[in-house]
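What follows is a pair of complexes built around chain A, which joins chain B in one and chain C in the other.
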Partner chain A sequence: MTVPVADPAPARMSLNRALVPALLLGPTLLWIFFFFLWPLGLMVWQSFIVKDAFSLDHYASLFTTPIYARALWTTFEISIICTVGSLILGYPVAYYLVVGDARIRAVVMILVIIPYWLDYIVRSFSWLILFGRRGLVNRFLIDIGLITEPLQLLYNLGSVLVGMIQIMLPLMILTLFGAMLRINRQLVAAAEIHGASPWRAFWSVFFPLSLPGVYAAFLLVFIISLGFYITPALLGSPKETMISQIIMLVATELFDWPLASAAGVLLLAVTIAVVIAYNRAFSIERLWGGKEA
Partner chain B sequence: MRHHEKDKELALSLLREALDETRGLDRRAFVKKLGQVAAGSAILGSFMGMAGSAGAQTRTLTTMNWGGSFQEAMVGAFISPFEKNNPAIKVQYLTPYNFAKLVAAHQAKAQEVDTLTLASVDMLRAQEAGMFQPLDWSKIDKTKLSEQQYTTLPNTISSLTLSDVMVFNKKKWPSGNHPKSWADFWDVKKFPGPRALERQANKAIPIALMADGMDPKDPKFYPLDVYRAFKKLNEIKPHIKKWFTQGGEQQQMIENEEVDLLLMWNGRAADSILKNKVSYEIVWNQALYTGILQGWAILTGAKNPDDAHKLLDFVGRAEPQAAFARLIYYGPANLKAYDLLEPAFGKLMPSHPDNVKVAHQYDYRWLSTNLTEITRKFEAWLTA
Partner chain C sequence: MSVRVGRLAIPTGTLLVLLYLLFPVVVVVLISFSSARFLSFPPPGYSIQWYAKLLSDPDWLNSLAITLQVGALTTVFSTLLGVPAAFALSRYGIPGRSFVTALILASLITPTIIKGLSLYLFYVPLGLVNTIWGLAAAHTVSGLPYVVINTIASLRSADRDLERAAVIHGASPLWAVVRITLPIIAPGIMVGAVFAFIQSVHELLVALFVLGGVEKPLAVKLWAGVRSEVDPTIAAVSTGLIGMAVLAYACAGVAQLLSKRRGLPAAGP
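Let's turn to the complex of A and B:
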């Protein structure tokens, strides 16, 4: 076998230029087409068909049957609170991961990542054990004499939120961490040299620079929250029924696939609308390497 | 028919040995014995298999089931002895059970599953949709079955029975003065304590009607009086801590004493009571009994109907039926299986005559056409 010498032939260069991306991206694109876009298209199509004719009936019944509209509203409500909660809890941790003591940082990083590896169902189930009537939390509160009767900690909005925030926190922290790493921290040092207190330097320099990361992490966590299924099913009551649970019910118990498709399409459409509006307001594409922040 | 017997001989003898030698012992002892006799027969099994299908290639038979402990029991009682006897056949499992998926595959004329046990209400839906292929009774020995197994629904072999039962906390009500009926379940003054129910219209509505005084055997029970049921359900709604959807949740709830009174699948309840020794007890009175509708069928478009017939000639017999009951506590549909079970154990089975006598039996013919409608109403009521 001979080692090829650099070949400057322009024809070959351009062939490579076309071929290499095709080879690299082709399999994934084919996969996405056949296993995502094609079935998605079928689903959209199905949602508009009633007895072989085009119709908006499925969408009409989505909007006129209170249970679907309610579930959609609940889904947005829970997702927003979950995202805000994850942000408030996650921002300080991400900040510490950027500026804190190196050895402690490594430990914190491990603590953030390990739960990320655990299955959703396992993490949701563990709250059942912690928050139960005879669970650790209630037993502790009774032992220290704070309460005499166990509190109802499970099967309500609170337990759903705790479960979801716990699941979303690592993603929030890691996304913020990635964005914060790109901030030039000499700017903070410069502010301090010019007499700003550390607090002032953080608020006037670091925090504004971290906002694109905040916007991106917020959107990412919010969108994933919209699709939660098992956590509200295990930790919630019927009041916390989210749209995925309804879609599942309609598809597998009511056998109304066109209606389930319509609900899925509606969720997708609303999500895309949110992303577009959000992007207009905060231009998050900067973070993905568009214009420099 | 004699030449078919060879396919089953070994499997049946293995099960008989394990059942007889552990009669009266617990599930663990049975599982252990089952493993031992199976291992002891390994050499014999491969020998018989080679003799039976010399040169034959491995053929696959695809089934679908609920997974978890259900799959364990299915493999232990049905599949693994069957495979031991027929080494040329490899059984594949799809989980979890998903009827919608089977219907979709049927409509697309691309059925992946050869044979399976379906849920009761799905048995009728599938029958109606033409999803079962006619069984060839020359390949299945009827004399080994109870008559009810093949007369209940054409082209199926009834295989297991389930009940949804009321279960109560014995620590809370240790004396004889414990909840004994659905009316007691509703009586939160006499029997205070957190409760749980399943998020299923076809269960919540009948128990509400019984709580409201309807006789479980009333011939006018169906069509269900949905309006009356919701009125009664309104009374209990604030006391239901959890409307569960999964099998595992029920067991978690009694194992952590999350609730004192709940509806459970009898197999899950027995599993927690016998295996994990929780101090809860089953009330058989007014249990919701499936009857013997639930069973095996071969699907239209099955790729391997021949081997599916072989499996169906095995699963309905007394030995595998008794073994399945020992493994998961759902009752046999073959009444001959009771001869292989300890009487005390038999009393824990939904199909035991004493339990059937006091149970309410689901009317799946009514439910199969009305379930979606009552589910819609129930979900609207529940999430309101």
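Let's turn to the complex of A and C:
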């Protein structure tokens, strides 16, 4: 009589199949837990505590103190204008990168990527030199006799946007480009063969097909714009104060950590809400697909 | 008519946008070689005095040393953690795989001020504030996505049959990965590692919270300088940072070129 003996090999195999990925992935997940999620949790916790008891006071003061409420609105406003601006300027460039002359295209690509490599501080700082009272722009306008007194070009909404759009453009262009590459351009050719003008073929074929890429790029640039600190701090006036500056101010100058945490939670919540809304409408995977340039 | 206008409009628009993108970079580089003591553009004459001043200033050199230490630790941590994670994600059926991926990538879209503030709250009781290790641990979270994305992309297009062949011929599975697969995907890993390094060098807000005291990294000292000093030293530091980035990306570019021959894409910041 033979007793069926379980073959030990498959059991060991399946244990390996579970153990190996856990060992490979475990350290990364622990790291992210300790240096990302746990601190975030701590911040959320702090934001609800007033004198050792649960309270929504910090949130109430965020919404009722005029300068905080104003900063929330300003952040939203600046981010939207910046995203729309970089979309309008970036779309033609991304389109050129797809359809333009091959040799020129490679050069354009490199010239778009180079500023992408550089520090936000470095890129914001040059506008101080160009737009200053004795800067290049003012001297030029005086030389050609258009003005006699230097204009105040810095420390306003315009200078903040010029700085921010310059910073966000490469990301916008590369994300749009990644999506446009996946468009089957024979469809555009087909429209033209059937009598559509190039203009018409673009608007009724290429443009609608590029919309998923537009949404992905819009989302990415908008979310990153929400957290801007360096550019508004350097090129803006108090009127252009964004939420990141408020958090920095409240934390490091007023030392009101719970209030700063509440503002942080609010910014985090808005970011997550935008991502979730996007994920509902499209697929988030597309976003990372779009980032692979 | 409108077709011709359209055909001209796109290249012209592209050219204008490129000028807008590159102008600030050119300005900073030229001013760093200025002979004048103030920030005027174009400079009245050229000299290397601001670089000489920088290199003889122990404060700036100390900041450079701190930045390089934090950057190096960040790169090592991100690579050691990210490469195995990428293997797990691309080769095993992980439950909740897209959730895990999202968790790893989440740091990319989290506003940096939030990372800075929350890490500060976490670090104060642990005594990790004002430590190089503390900042490197934080920067690793932001460096990981680059290593993971690039390694997964390389793994996806690497030919796994070579590894299988090694195993059939008697190599242990681990040895086959180390000797066959790792060399094949090394350029992709390197691209990710360079991105991890550069984001650490550039990162300001977490650094302000975690390492803003006596030992300042370059970004923190540059930020303080931009807001107070008005001589071209700042431009020289900026140009130095540009040089550092270009050098690092040139390395990544060579690696990418090597991997492109094998048809691998790369993802970066």
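Throughout what follows, the second predicted complex is superposed on the first by the 246 of 293 C-alpha atoms of A that agree within 3 Å, B and C clash if a C-alpha of one lies under 4 Å from a C-alpha of the other, contacts with A are read in each partner's own complex, and residues count from 1 in each chain.
The definition used in the following text is that contacts are C-beta pairs under 8 Å (C-beta built on N, C-alpha and C of every residue); 3 or more make two chains touch, one makes a residue touch a chain.
Here the structure is a predicted model, which is why all the values come from computation and not from measurement.
Undergrad: Chain B versus chain C on the shared chain A, clash or fit?
TA: clash
Undergrad: For A:Leu234, is the partner it touches chain B (first), chain C (second), both, or none of the two (neither)?
TA: both
Undergrad: On the A-aligned overlay, A:Pro170 touches which partner chain: chain B = first, chain C = second, or both, or neither?
TA: A:Pro170 contacts chain C only, not chain B.
Undergrad: Would you sort A:Gln152 into first (chain B), second (chain C), both or neither based on which partner it touches?
TA: So A:Gln152 only meets chain B here.
Undergrad: Looking at chain A, does chain B or chain C touch a larger number of its residues?
TA: Counting contacted residues of chain A, the larger count belongs to C.
Undergrad: Pick one for A:Leu249: touches chain B only (first), chain C only (second), both, or neither.
TA: First partner only.
Undergrad: So, A:Asn184: does it touch chain B (first), chain C (second), both, or neither?
TA: neither
Undergrad: Looking at A:Ser261, would you say it contacts chain B, chain C, both, or neither? Reply first, second, both or neither.
TA: In the superposition, A:Ser261 contacts chain C only.
Undergrad: When the two structures are overlaid on chain A, which partner does A:Phe125 contact: first (chain B), second (chain C), both, or neither?
TA: After superposing on A, A:Phe125 lies in contact with both chain B and chain C.
Undergrad: Look at A:Arg133 in the shared chain and tell me whether it touches chain B only, chain C only, both, or neither; answer first, second, both or neither.
TA: First partner only, chain B.
Undergrad: Please write out, lowest number first, the residues of chain A touched by both chain B and chain C across the two complexes.
TA: 125, 128-129, 132, 134-135, 234, 251-252, 257.
Undergrad: For the complex, which residues does chain A have touching chain C?
TA: 17, 20-21, 23-25, 27-29, 31-32, 35-36, 38-40, 42-43, 46, 89-90, 92-93, 95-96, 99-100, 104, 108, 111-112, 114-123, 125-130, 132, 134-136, 166, 169-170, 197-199, 220, 223-224, 226-227, 229-230, 234, 244, 247-248, 251-252, 257, 260-261, 264, 267-268, 271, 275, 284-285, 288, 291-293
Undergrad: Give the list of chain C residues in touch with chain A in this complex.
TA: Going by the criterion above, the answer is residues 2-3, 6, 9-11, 13-14, 17-18, 20-25, 27-28, 31, 39-42, 77, 81-82, 84-85, 87-89, 91-92, 94, 98, 100-107, 109-115, 117-122, 137-138, 140-141, 144, 148-149, 153, 198, 202, 204-205, 208-209, 219, 222-223, 226-227, 234-235, 238, 241-242, 245-246, 249, 265-269.
Undergrad: Can you check the complex and tell me which residues of chain A touch chain B?
TA: That would be residues 65-67, 70-71, 125, 128-129, 132-135, 152, 154-155, 233-234, 237-239, 241, 249, 251-257 of chain A.
Undergrad: With touch defined as at the start, can you tell me which chain B residues reach chain A in the complex?
TA: That would be residues 98-100, 103-104, 194, 199, 241-243, 245-246, 248-249, 252, 256-259, 371-372, 375-376, 379-380, 382-384 of chain B.
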